[in-house]
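Each of the next two complexes has chain A plus one other chain: chain B in the first, chain C in the second.
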Partner chain A sequence: MAVLSTSERGPAAVGLVIAVLLALFLLIPVLKVVYVAFLDANTGELTLINFQDFFASSLFRESFYNSLYVAAMSVVFASLIALPLAYFTTRFNFSGAIIIQTLGIIPLIMPPFVGAVAMKLLFGSNGSVNLLLEEYFGIVIPFMEGLNGVILVESIHYFPFILINLSAALINIDRSMEESAQNLGSHGFRMFRRIVFPLAMPGFLAGAALVFIKVFDDLGTPLLLDVNKMLAPQAYLRITSIGISDPMGYVISVILIAFSLLSLYVSLMAMRGKDYATAQKGGGGLSKRDLKPWEKVATYALVLFILVIVLSPHLGLLLLSFGTVWSFAVLPDGYTFEHYFKVASEASQYITNTLLYAGIAALFDVILGTAIAYIVFRTKLMGRKWLDYGATMALAVPGVVLGIGYLRTFYTVNVPFVDQPLATWWVIIVIALTVRRLPYALRSCVAAIQQVSVMLEEAAENLGATKGRTVMRIVVPLMSGGILAGFVTSFATASVELSATIMLVSRESDAPLAFGIYEFMQSASGRGPGAALGMIAVVLVGLGTYFSHKIIERTEKRRSSDRPVNEEARA
Partner chain B sequence: MKLLTSCSKLMMGAVIAALVLPFGFARAVDGTLTIVTSYPPATTTTFKKAFEKKFPGVKVEMLKKKTTAGIKYLQETSSNNKSDMFWASAPDAFEVLKGDNLLVRYDVKVKGIPEKVGSFPVNDPDGYYKGFAASGYGIMWNTRYLKAKKLPVATEWAHLKNPIYQGHVGMSAPSRSGTTHLTVETLIQGLGWDKGWAEWKAIAGNFKTITARSFGVPDGVNSGQFGLGIVIDFFGLSSKASGFPVDYSYPKLTTLVPANIAIVKNAPNAKAAAAFIEFLMSTQGQELLLDPKIRRLPVNPATYAKAPEGFPNPFKDSSIGAAVKFDLGLSKSRYNVVNSLFDVMITYRIDELRAAVKAVQDAKAAMAGKSNEDAAKLIDEAEALINKMPITETKASEKDFASIFKKKRKKASTKITGRQAEVEGGWDSMVKVNYAKAVELANKAKSML
Partner chain C sequence: MSLQTKSSDVVIENLGLKFGSTHVLKGIDLIIKAGEFFSFLGPSGSGKSTLLRAIAGFGPEPTGRILIGGQEVAKLPPWERNVGMVFQSYALWPHMTVAQNVAFGLEERKVARPEIDKRVKEALDLVDLVDYAQRRPSQLSGGQQQRVALARTIIIEPQVLLLDEPLSNLDANLRVQMRRDILSLQKKLNLTTIFVTHDQEEANTTSARIAVINNGILQQVGAPMELYDAPANQFVASFLGTANILEGETKTNGELTAFLSSGGLQIPLNQGSDQITAIAIRPQNISLHMPGGNSSEAEIRFKAVVCETEFLGSTLRYAIKTNGETMLVDHVHKPGDHVFAVNEQVDMAIAPDQVTLLEG
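Let's turn to the complex of A and B:
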């Protein structure tokens, strides 16, 4: 190994610590799970027989196809929702674009299983919509039956990933490309199909890959809709009902990870293309134009229609949280505040726990994210890219797999002083959340550091500041907008996480919100309070998202007003 | 207390966030009672509050685990046990713990609790675990739903086979809940292996869904996703008490089983544990079971005097849970095999099974009032194909065979031939082909009429 210069020693030590943490809390637990898939349960020898059993079983093959089908169809439907929203808000002068962009992200901050409960009440075969349809038209539409239901709930929940990435890509498209196309006689839909959409493709693909992975791995939604012929539920059901030593659960985990890695790889390739596209930027983003009156009406109608569908889980949850009894009826029988009082008196620990867990996790995420971003973009350390890849890999690991991995790895590790296994201590939940949400914070931090000019750091160092001082006084303050955005994304998504925490919560007093909602929803008298708790989570996290938007907007403004100075410095 | 824990936790969080080495919780106050339980918060918080009020020095900590996970937890932590009690429904779970020598004997001081409820002894004859409530399986239904769809109420298992209930019934899988397992086993023991399974398949042919969680069934009936559900009594009774338009009834063929509690071996706070058992059996504890959120059948007959009208009383109404003599040993010997058979034949092949049962129902309807020997023969063949079992009753209880489905190899040297996934794969292919063929035969019969 090459001798490190003095200035690289600090970052190298930090990098090493991060690498060790990633190995300990991501790589080793996952490898433990993967390893079991290759063991003969009867003899304990290494074998491929479990994979043979998997592909020999028609049930598992069908589950595999169903998971692929649902993930692919969810991408299609999520695109149908996201495409118009992204296109209209970025291409046209459209009042309320920010509201649409914010409302469009709200589905992400509700645990998908809570959405499934609400959607069942509205769109189920005896839900509000079908009861009305049956009464007036004598028909019933199976929105929520079997795989259809999973696709509907998943695409409504995850389309924001496409919306965010696609909007960013559309904004970044070079106006000169569009103008050239117009000069050559292209316009309207043809121009969108041949020029605009292909240019936005990398962003779209990045979002689509995320949706694919998330849907492919999701456990809560199919479980709540009683669809068990899919991979994630099969893994969960095998492990929880047959036992933690059944190899099939682990084989399924390996297949889940492999497919997620594959789609992540595809999206990474696409992201590379995106870098290339934005490198030769001419002037500004896409030109925005005004809509003709009738176009405006049609557009508003379409956008409104989409928003109503997208926000229907929240509407259902709201009704449920205020409703007394809601049974085989279009609307609840009566309304009350009782559920909220009950939650306030009995369930406050879920809220404090969530704020604490998600807060610590998000804090660690931005610290790790900033450190990794700095090491990757500001040092020449060997293998620095692998820190990025390693942290990003967490995206490809389903929550259940990480949960099982932790149970297997840390059950025998006793924490001194507390005197209990690490796997049952509440800190393990924080660790799981930190690892699972690190990729989100990391992306924000990477984006932020790329916008900070190296020259400023060089100037600081020329003036005699040490490396550490430069990072603390120059780099981090300049990245603050991105770091905050990363904090809020991690915090918001961590506070509704269930799939890993459901495996790791060992006592009620340690349980976070999503778990509390799940628990409440397991008894007849708890449905209302569970919904009230869900509404509180939505509002809490919604406010967080709103403020993050505000902060980002403000820093954007500041940055753009700073720009002339930068430009001069460069000249 | 709650405030105190969240405060100390917040402090801990601050400490960790500051990246200082954690110096740990203050040692638990004397008098913490740790209970491993499978019960929902409605039950646990009610008892926790009442008990802490009565014994202000004791703090109750509930460790929530699914029954199977609870067993595993106690097994794995036995060398360094931190739990005082195990509190769950299924008696077989306590049998497992007793067999592993993880429980201690305890003699209840409270008087007035009878020996038996239904045909089941209330307490473990060996004195390790104690029944504190009884529960049995039955049918719950949504009154609005049945009225809107003009369906009659079903009160016996056999009623659920009626084609009019096609797509209106819900149930959970026995591999998902210990009590559902008991129902499946009860019917099989009551009718015999082949007939019992045939009955289940005929009922399952009318299923709208098989829920992955046991609470999914009452939830579905309450919200009107389906009209009837096969559920444990307290789900039905507590739903009714919460105001949902539902009702509940026990069929003749049901087993009343005690829900139990036991003290764990080497319990750190055995004194408080004993106090909790006494509290549970006391008049006050038994009356808490009647709470609208809980609604379990008390084991003390005197408590029923306080029960709301229409509340079932197994000590008066001797028809509840008396028809079968439940054989716990037989159930234990084939526990996992029965679960696996149900999942392979019914849960995971529900679409195929539904299609086959519906085809037979349709053919039979077409047959009504006509006589056609060939068609009748085809229908019989189709039914036989649906009902064909991959293994016999003897095989299911065979030690070597059942051990393939065992959760854990006891020793590394134990050799087991055959893998569960392999065996299940074989059953699955057979069942799938048979169901498809049954559809074919039934359709052929129908076309002849």
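Let's turn to the complex of A and C:
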């Protein structure tokens, strides 16, 4: 390494520590998983035999196809929900726009598996909707049968990823793009097809790739819907039933990683060289028009219909948490607070564990995120970009894979004093959460530091503050809004994480909320308390998300009021 | 040259336009002749771009009438008006090649493919970009993008060409070159052209006539030199070039008429009227002299003192104080000329026939 100036020694040391941590808890476990997948279990030699075994088994082949099918169909259905919503909000002066935008936080506030059981009660063959359909129309639609159920739950849950990306892309199209087409004689659907949609395509692809991979990796939903012939459940079941030496779990992990990377690559390619953000200074966005009365009615009807479907898991969960018995009936037989009392008396450790784990993880995330953001944007250290890439790489690692990687890597690492393997100690859950949510906090911190002008730091240094003092007195206070928002996002999403932690929970007393919900939902009698626990999680995360939005909003407002008055009008 | 243009005149009658409750354009009346290069000149926020966009059919529907080649277009949607607009940001579609961008308008008009290909080549040839046909807009420089936007617009053979601050995104050298290119293209095609700018030099160098617009109101229409020499009001006088504007009133005493400024400066006039509320004198039409020199008959002299000097290269600009007024005086700079110092006593000479009378 080149000789460092005095002012860069501190950041270099911090950067090195972060690099080591990332290597230890992200890179090595993942490489270990990949390595083991290519290892002959008997001879210890590198081999492709595990992959041959995998594709030779009809169970695994079917699981593979099922996972692909479910992920692809979920993208299709999520697009069908997201397209009209994105179109209405960006094209028309439509007061439902705020409701639609708010839908964007649904995947954040509740993981799909939480609502899966409630969806079964609403849409299953003996569920509310089908009971009504049978009574009035004499038909039963297999919404929730087998793979259909997974597709329905996942697409209802993840469509906001397409909605958000597509809306952002549409909003970023400058009005002049459309106006010049109109000026040259084009309009209506033809103009939409030739100009607007191609310009929004990168945003759509980015959202679609995200949905694909989230569904492809998801473990909780298929498990709770008893659909085991998919990749993630197979990996989980092999590891938990046969043991961590069974190579099939590793082969599946490699496939999951490969598809993660593939879809990241696809969305990257979709965006590259197509910076279609054509919005100009002084107001861009497509021109909006008012709806005619009948159009308004039709639009509201459609949006309401979609809303009801999208909120059905939440409604179902609410009913389930207050219902006494709910079986072969449109609605529960009666209502009670009993489940909440039961949860409060028997399952409070899930809640305290979650607050503890997610709190520590989020704290570490913002500390690491701030440090990485500072090193990347404020120093010239060699390889600084790799800290960013390394931390962001966690996005491409499915939770199941990280869980398996930790089990395999840290089972033999004994923690002194507590005298147990690191892989079964509760701290490993915190580490997993920290690594999984680091990319979220990092993006917040990066956005925050990019808004802090370097001149403000130079002014402090000019007045005699050292680098360290400048960071503490100028940079961090100015970033505080972004850091806080990063903390809340990390905290909220960490508290409902299941796929990595389900692998790492070694005893009930260490288990977090998501694991508790999963445990409860396994049995029919546990559904009520499980739903109550789910509602607590939804409220917890919902509040967190609400506050993080508020914080960001407030910071932006303060920042914009600090700007000097614009004197452009004098030009 | 096979590109045809059906050059048309544009008649605007009592045009008004509102954004919400704000009146952005108020009672505009204008006639732009067929084949004319015409400019809308005004500060930002004056309504000049809004007026241009109204001609193209963008923005809220105006009141009043817009006639292009005699046809009423104010109620037509943009795609049914045959006017070509070049946007300030060029608005080239990034997902299409240069050739696809240029072909767009003809495709929308359902022109046959071979004909489209032929005319795209002609249009690109006209702007010197045939070799760039297969590039993406993002691979072109600002000036090249500008020319693609021009080609894309003129290929549809518009009745009027609308240019919305087309030079503002280019750097200074390119701006002058592009200005000439646009002008020669306009001459070649004999195309009615309306050019929106806030830059008086751009308007002066290109246009046969200019409409000066401020606060949504048409201030004056005329050839560039007319506007400069005979501004109709204070706004036009100060917006085009620099002017000393003195507010006050005319006084008549028997045969003699004079303008009395509110500061107390008295200037004899050849004629006067009660409507005159201000006068304008260009800085280059005032001269400074050593005190006590002889004055010629055509001028009158005042005692003054120099407050500030600014060296602008070709001219020396003095700020002087005389009879309660502060005025700017420009001397053409030649090496060896006497330079008056700050606080020096001087004589200021004004020729009454160089004074512009401003009404209301």
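Everything below uses one rule, namely that the second predicted complex is superposed on the first by the 444 of 571 C-alpha atoms of A that agree within 3 Å, B and C clash if a C-alpha of one lies under 4 Å from a C-alpha of the other, contacts with A are read in each partner's own complex, and residues count from 1 in each chain.
We take it that a residue touches a chain if its C-beta (ideal position, glycine included) is under 8 Å from a C-beta of that chain, and two chains touch if they have at least 3 such contacts.
What you see is a predicted model; the values in this text were computed from it and never measured.
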| item | value |
| --- | --- |
| First (chain B), second (chain C), both or neither touched by A:A56 | first |
| Partner chain in contact with A:S176 - chain B first, chain C second, else both or neither | second |
| Partner chain(s) touched by A:N462 [first = chain B, second = chain C, both, neither] | neither |
| Partner chain in contact with A:A524 - chain B first, chain C second, else both or neither | first |
| Partner chain(s) touched by A:N353 [first = chain B, second = chain C, both, neither] | first |
| Chain B versus chain C as contact partner of A:S95, first or second or both or neither | neither |
| Which of chain B and chain C A:H187 touches, first, second, both or neither | second |
| Chain touching more of chain A, residue-wise (chain B, chain C) | B |
| Chain B and chain C contact sites that coincide on chain A, given as residue numbers | none |
| Touching residues on chain B, where the partner in the complex is chain A | 2, 5-6, 9-10, 13, 16-17, 22-25, 40-42, 44-45, 61-66, 68-69, 72, 76-77, 80, 82, 142, 144-145, 148, 173, 175-176, 208-213, 215-216, 218-219, 222-226, 235, 238-239, 241-246, 292-293, 336, 339-340, 344, 347-348, 405, 407-409, 412, 415-417, 419-422, 424-425, 428-429, 432 |
| Residues on chain A engaged by chain C in the complex (per definition of touch) | 174, 176-177, 179-187, 190, 194-195, 198-199, 201, 273-276, 278, 280, 568-571 |
| Contacting residues of chain A [partner chain B, same complex] | 41-44, 49-50, 53-54, 56-59, 120-121, 124-127, 223-224, 226, 228-229, 233, 237, 240-248, 324-329, 346, 348-349, 352-353, 356, 359-360, 363, 411, 414-418, 420-421, 426-427, 430, 505-509, 511, 519-527 |
| Residues on chain C engaged by chain A in the complex (per definition of touch) | 43-45, 56-58, 77-79, 83-85, 87-89, 91, 93-95, 104-105, 108-109, 138, 152-153, 156, 198 |
